[in-house]
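Heads up, the thing below is written out as C-alpha cells.
Chain IDs A, B, C and D follow the sequence of writing; residue 1 opens each chain.
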Amino acid sequence: MGRGRSPRRAGERLGMSPGRLEAFSDGVFAIAITLLVLDLQVPDPTEGNLAAALGDQWPSFVAYAVSFLTIGIIWINHHAMIRRLKAVDHGMLVLNLLLLLFVALLPFTTALMAAYLRESSGEHLAAGIYSGSCLLMGLAFAVTNRYALIVRPGLLATPVSDARRRAILNRAIAGLVPYATATALAVVSPYVSVGICAAVALYYALPFAVGGQDPTAAST
Amino acid sequence: MGRGRSPRRAGERLGMSPGRLEAFSDGVFAIAITLLVLDLQVPDPTEGNLAAALGDQWPSFVAYAVSFLTIGIIWINHHAMIRRLKAVDHGMLVLNLLLLLFVALLPFTTALMAAYLRESSGEHLAAGIYSGSCLLMGLAFAVTNRYALIVRPGLLATPVSDARRRAILNRAIAGLVPYATATALAVVSPYVSVGICAAVALYYALPFAVGGQDPTAAST
Amino acid sequence: MGRGRSPRRAGERLGMSPGRLEAFSDGVFAIAITLLVLDLQVPDPTEGNLAAALGDQWPSFVAYAVSFLTIGIIWINHHAMIRRLKAVDHGMLVLNLLLLLFVALLPFTTALMAAYLRESSGEHLAAGIYSGSCLLMGLAFAVTNRYALIVRPGLLATPVSDARRRAILNRAIAGLVPYATATALAVVSPYVSVGICAAVALYYALPFAVGGQDPTAAST
Amino acid sequence: MGRGRSPRRAGERLGMSPGRLEAFSDGVFAIAITLLVLDLQVPDPTEGNLAAALGDQWPSFVAYAVSFLTIGIIWINHHAMIRRLKAVDHGMLVLNLLLLLFVALLPFTTALMAAYLRESSGEHLAAGIYSGSCLLMGLAFAVTNRYALIVRPGLLATPVSDARRRAILNRAIAGLVPYATATALAVVSPYVSVGICAAVALYYALPFAVGGQDPTAAST
C-alpha cells in the first residue's frame, strides 16, 4: 500500500504515507457504515404482529438508509481529499482522527434519532443531535481539507491553483449550510430536520447514478 | 493499493482507483460476514438445559451458515466485477454503495428470519424479507455490473466482446430467479423459501470445492 | 494490492490474486479477534461489589486471552499458507471461506464456554463446543492447506518438494491432536478441555517470543 | 501490499512482510476505535427527559473521546514503529499480538470506567482498571519497540544509531509515567486518574494540530 520507493521516502520524512492513512480511514468508514445495521431491532416473536412491529420501526429503516448514504458520500469525498496528497504530517493525522471520531459517532446519533423521531418528548433534541453530528462531521472534513490545501500546501502531490483551492473549500463549506439549517430547524420540526439530511444524501448520490454526469465532478 | 503510475492517472480523471473501491467494499463484506455471529445467542445458564436451548436455536445456526456462504459468494463475484475495471466513476461508486447497503443489511434480515422461522405468526413475512433482501442484493449487483459493462464501457480495463458482456449479465440475472422464487414462495412456506436460498449458496460453493472444475468459470 | 502486472495476469486466469484473498481474510481475522471484547460484561453498578463481580467473570477474561491468541496464531499460519501461492482458484476460495466461517464463530463459542465453565449444568457441552470449534477451525485450515499443496500444486508460487509438503501438512494435522483430545476430554472436565486449548495457544506464542528461535520456523 | 519483489523476498526468509503485519494491525485499531461507539446508550424514550438522560451519560461521552484519541495516537506510533522494519519474525508477531490484545480490550475498560466514574462504589477500581489498561497497552508497545530496536536489530530497514534507539525507547518509556501515575492515583480519585489519561491524549494530539511543529517529530 504505497510502499513503493518514492512515496515511502516521502513518508519517511513527513510522518506517514497517504495510502496508509487512507487504508486506516477506510477501515473506520467501512466499520461505521456496517455497524449501522445494529440499530435495527428484531421484534420479539412473542409480542404481536411482525408487520406492525416492523412498520413501527420505519424511522430506523429510513435512518439506516440516510446514514449509510451519508457515510458513503463522506467516504468518497475523503478519498478525493487524500488523493491530492503526497504525504501527511502529524497535524493532518490528528485532524483526520477528529473527522473519524464524528464518523464513528454516527451509528449512535442515528439510533438516537430513530428512537425518538415519533416521540412526543425529546424528538427535537434527538433530531438536532443527529443533524448536528452530520454538521460536525462536515465541519471536521472542511477543516482537514483546509489544512491540506492552505496550511500545509507542501503536502500536495501536485500544485493546486489558488482558484481551484478556493473552489474545493467553498464546496466543502457550502455542504455545511444544509446541515446547519437542519440542526437549527430541529427546534421547529424533527421531520424537517431529518428530511434535509436525507435530501443532502440523495442529492449527492442520485443525479450521478442516473448517468450522463461528468464523472470527474464528484472527485474534487 | 493501485497507486502505481498508470492506474493512479486513470483514477485522477475518473474518480477513484478500482483497488480503493475494492478495499473499502471488502471491508464492508468482511464486517457484515463477521457480524453474523452476533445473531447467535448464548443461552442463559440459569434456565434449564443447554443442549435443548441450543437445539431450539438451530434456525440461527443454519441461517449463520447460509448467510455466511451467501455473502462470501457475492464477495467472490464482486471481485470478478471490479477486476474488469481500470477506473470507476461516481455512478459506479453510488451503485456499489447501494449494493453494500443490502450486504450490510443481511445480518439483520438473517436474525429476523431465524427468530421467526418456527413461529406460528410472522414466519412468512420474515422468510420473505430474508429472501427478498438476498434478491435486492443480487439485483443491486446485476445493476452495478450492467453499469460497468453497458452504460460505461470506458471503465473496462480491456475491451469485452458483446457476446461476453451478454453472457456475464445473463448469468447475473439468472442468479436472481431462485431468489425471486424464494421470495414469492415465502407466502406458501418459510422453509421452502429459506431452503432455496440455502440451495443457491451450496450450489455456488460445493461443486467447485470438490474439484475438477474449470477454475476460470467462477471468476466471470 | 498485488495489482502488479504478473500476479494480475495470473489472477486473470485463475480467479483471484492471493493478495486480495489475504486482505479479505485478514479483515475477518481482525474483526473476529476484536469482537471477542464484546463478550466481556460491565457489571451493573447498582448491584453490589465491582471487584467481586469482575472476579466472578474470570472465565471470560481467560477465554478472551486464549481465543485472542488462538485467532492470532491461525492468522499467522494463514499468512504463511497464502504466501506460498501465486494464484487462487474457486475451490481455494470456498475452502478458505469455510475456514473463515469457523474463525468468525469463535466469539460465540468463546462466550458460550465462558458463561458455562463454572456452572453445574451444561459445562461439559459448552467446553466441548469450544474446543470442538477450535478443532473444526484447525481442520478447515488443514484441508485448505492440503488443497493448495496436493490437489492444486499449480497454484504454488514456487515448486515445493514432496518432503516439504508432507512436513507442512503433518504439522497442520499434528496441531489437530490437542484440540481433538480437548474436545474428547470435555466429557471428563471442562477445565481440562479449556486448559488444553490455552496450552496450545501459549505453546505457539511463548517460546518464540522469548527469542533465540529460528525466525523462519514459524512461517512454514 | 508490499508484494513487490524485494520486500517479498525478505518476508520469505523472515516470516511476514511489515506491510502485512501493519494492515492486520490497522484493522484491529480501526475496529477497536469504532466499537467504542457501542458504549454509548440510547436512553429509553419511555423514561423521562432525554436531555437529562444524555447529561447523566456525560462520562461516556468524555470516555469515548479520550479513548478514541488514545487509540488514534497509539496507531500513529505503531505506524512509525513498523515503518522502520524491513521484515518481522515470530517474536515480533507475538509481541504485536499482545499489544493488539490490550488495544482491543479498551472498549471494555472504557465502558467500565464510564459506568462507574460517578458511583460511590467501585469507582476507584474502575478508574484504576482503565488507566491500568492504558498502561499495559503502552508497556506492550514499549516492549515490542524494544524487541525491534535492540533484540532483533536485523529486522530494521536501515541501521539506526545507538543514540537514536535509546532516544526512541526513552520516549516510549517516558510515555508510561503518566499512565502509571494515573493508575496509582485511582485509589485517591477516579477523576484525577481519568483526567491524566485525557491530558496524555490531548498532549499528543493538540499541539501538533495547531501547526508550526516539526512534522517529523511525531513519527519517531
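The rule we apply is simple: contacts are C-beta pairs under 8 Å (C-beta built on N, C-alpha and C of every residue); 3 or more make two chains touch, one makes a residue touch a chain.
Just so it is clear, the model here is predicted, and its values are computed rather than measured.
Both copies, chain C and chain D, contribute mostly unmatched positions to the interface they share, with under half of the numbers common to the two.
Relative orientation of chain A and chain D, expressed as the C-alpha superposition rotation angle, is 90° to the nearest 5. Taking the mean of the C-alpha atoms as each chain's centre, chain A and chain B sit 25 Å apart. The geometric centre of chain B is 35 Å away from that of chain D, both derived from CA atoms.
Multi-chain contact residues of chain B, defined as those touching 2 or more other chains: 1, 4, 23, 27, 31, 35, 38.
Put simply, chain A touches chain D in their complex at residues 1, 3-4, 11-16, 20, 23-24, 27-28, 31-32, 35, 38, 89-91, 93-95, 97, 100-101, 104-105, 107-108, 111-112, 115-116, 119, 121-122, 125-126, 129, 151-152. By the touch criterion stated above, chain A contacts chain B in their complex at residues 1-2, 4, 7, 19, 22-23, 26-27, 29-31, 33-38, 40, 42-43, 45, 49-51, 54, 64-65, 68-69, 72, 75-76, 79-80, 83, 205-206, 208-211, 213, 215-219.
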